[in-house]
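Letters are used for the chains, namely A, B, C and D, taken in the order the chains are written, and counting of residues starts over at 1 for each.
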């Protein structure tokens, strides 16, 4: 029975870059970017699969070098700009590359302040939250998306869940007071590859947090949609946003066997199982 | 600017089940399944997003209960069969559920042998490799896929990489002797939801290993295609297979500064960066 | 050849608790503690090992229950106080328990501010950094230790490393400009179990950051000692501090093959291998 | 208040080495070692801490080089032998090093068999289980320890837990049928640094598995002691063994609300919380 290679792609993943940017006016004042880069190329590579003929293969090691060299040769002020720079490079440089998809995760570093003064070159890190960017250059054009990954938020009031399907598989009671904890994963689509990427990020993150805090949540679903809508309102440069919000349960510990009422104070913290709620919101 | 919820889905992730199956002929002889189940439902759920109206929502907690209850009430002999059972259940039970997608990862347990005799109820585990299954029930029908995730293989000879693009970004020399290490991620598509899932798995895994070991690799790409073709040859019940094989580099440690030739004996073991090679093979 | 059980201990690990504390003056204003608790008991438990006689065994499940029940029945304002409460409980409650060692890791939650106003019940989390506490109650008395784990800091200037041993195993040049990145692990010992635990934590953390930022580092070792000394100066309630600071290298990417000078701007971000530097500082 | 550096140590952690060993009689037949090496040195290093004077500091980068260079220059047949080689090297080479402690974790690779024939250079990996070795060279002499880490075992019968302390914190009923799952962590001490390390490992691992499978467990504690005793019986070259065995619970899912008896078939698989049982067994 014959068979055919019907699609293929390759690239380099987990290329980690630290770039120090010195302020020309004040060379002792540093900015630091920490990026984790993933590259996927598609194009005329079938001969490598079928015959081991690598003459059109840009080695993934060369792709890795490209990340560091282009970071040196170019200025950029966002992970989105760096993703666009790389994706464009691969398509423009190699005839056999028909499309390049570059994803960048930026580790967040917060500048240290000492006695209220920002320090010129010291930072605190360690957040699970990253800023993400993705740029795809294809024959149809250039598409850029920004995002937030791993943003952990928790509220200990203002979340209820009632009136859901009641059948033989249900044991959960209606809950009028619960903890709502989640790790937000979101990506948004820019209408133009020339958008102001930082303006969107700077507007969307606080919009998420404000809605999460203030929305009286009737369901994770409802909060998710409101967060997506707020992001669209805050960032005119985007026209679509995807959100995924796991419901990371804090399960009430049953205090009754120990002579106490269950008064929404003591919970078992869990990672799994988790609810998983997704939605896409677009301008209409 | 108005906006619309253009797609949505929800479910329960990371539901972990251990089921003990007693042989009716010999109740002391046990089989043990360990599954990690992820459920995604799509359907008429928009009211929960737009209005916090949960009357059509099957709580993710109820979905979790369903996993355990259906595991108790049904016999099954593969993760694929259990995924199909669950996905079918959700679509058949709830009018508002138009599609269900269930993914199962099975932890591998190897029965202990003592002095050559298989033990009736003791097992060794601890592999990163899992067997995977996915079943989607949609208005178009039922689609089942099997798979292998996390299969670590390494060969210390029989792998070369030469004659790739030489430009200013290349520093890697041609290599006629290298270590080829990867972690195979693969999923295959069954032509029928009534296929013999175990027969396919039992044929594909050794086919992968045999090709990986015996193929004289001119590129990861070439080995990947040959592995995919061997799987199609071994398992008539499938018609498509996807493979992703990161190139997990063992980088030669440069011994020259220390007075030794670099003779392909001493390598730096790395996880990142990694090459990333993908392909899809279908019957033609 | 006979053998003897020469030491033993058991307990419960990874007990995760979320406690909501309502302000009596303003019940809508919440504090939230998230603790990960590990308990180790030693005592008269040998019969369980030698004979499977569990009559003196406090089940680890009961220990888990104790964490939640005591959290409900007691007020506390620090992980240290909760660790002391638990350790004291086990020794005082069970005659067969001669010593109890309780370790608590507190997940850090930062209260959300909306337009400058702290929100009563919403928080952002997601830091790898935790506050730690450990309390050991033994026949010799009660010993409390506080700590910080997983505090990621990075400085892009003010770190040199020169004049180290030069022999055949050295290839690293003297470096007068490098990135210094580490993840601080530190524990400190209180002179009294009645110390003001929060005052010490609140003084030590900024002392660490200030020294890390301002110290002109001649070696990780030197910065570590200065950080330890600053902590002792800042927190009179402690008399000893242990620090472990891995040197998490940012390796200069060699730009010379690409026609650029190596000007301390472009680095490969790595997790491994890492230097590992430890020291203990005590009042003299 | 003055303070003093009362202890210090430094070294290199997570040095990962892959070594290919070619059989001199059959160079196409390879053995492959994959080691993760951690080095800690103690000695006359205080000047680096107090004054940033690095003249006695062997850079951790040089330590890393040493791992690769000594792996090239020496034959060894176990992680223990390599740990001893490295620890001895540092103490013998540098006057200022008074003690060296080297720990090696060996990733397990299983040679592939094709149609019953072992393949000369292909392996399957991916186990969480590692073989460990530790060698400390101090002024008192050389001490070697072997070990096993991450060995996952599970038995679905032959484990009970009854008659433990019954007080207000207990909710767990006596259990006469439960799943016993654990991840064995064990280290053993050799009486001589010239012991046959492989003989001990090859005897202890199957002894562990045999006892785990065959012991009718009245408590994890009891099984642990029996495993330790069996190891001492199997390996005359050791005189002490430490074991740590978390009780990784499979919690019965309560089927009663769903109309089924709880018949020890359906369990919730958990990682946390976990019991934690430890013991040390020595020849008497």
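Everything that follows uses one rule, which is that a residue touches a chain if its C-beta (ideal position, glycine included) is under 8 Å from a C-beta of that chain, and two chains touch if they have at least 3 such contacts.
These numbers come from a predicted model, not from an experiment.
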Fill in: Farthest chain relative to chain D (centres taken as mean CA coordinates)
A
Practice prompt. Tell me which of A-C and C-D has more C-beta pairs in contact.
Written response: C-D
Worksheet entry | Chain centre separation (chain A, chain C; CA means) in Å | 29
Practice prompt. Return the distance between the CA-based centres of chain C and chain D, expressed in whole Å.
Written response: 24
Discussion item. Where in chain B do residues touch two or more of the other chains?
Written reply: 16, 65, 69, 169, 171, 258
Discussion item. Touching residues of chain C toward chain A in the complex: what are they?
Written reply: 16-22, 28, 30, 32, 34, 36, 65, 68-69, 71-73, 109, 112, 114, 119-129, 150-158, 179, 183, 209-210, 212-214, 250, 253, 255, 258, 260, 264-270
Fill in: Residues of chain B touching chain C in the complex
168-169, 171, 257-258
Worksheet, complete the sentence: In their shared complex, chain B is touched by residues of chain A numbered 1-16, 38, 40, 45, 48-66, 69, 94, 161-165, 167, 169-172, 217-222, 224-225, 228-229, 232-233, 236, 240, 246-247, 271-284
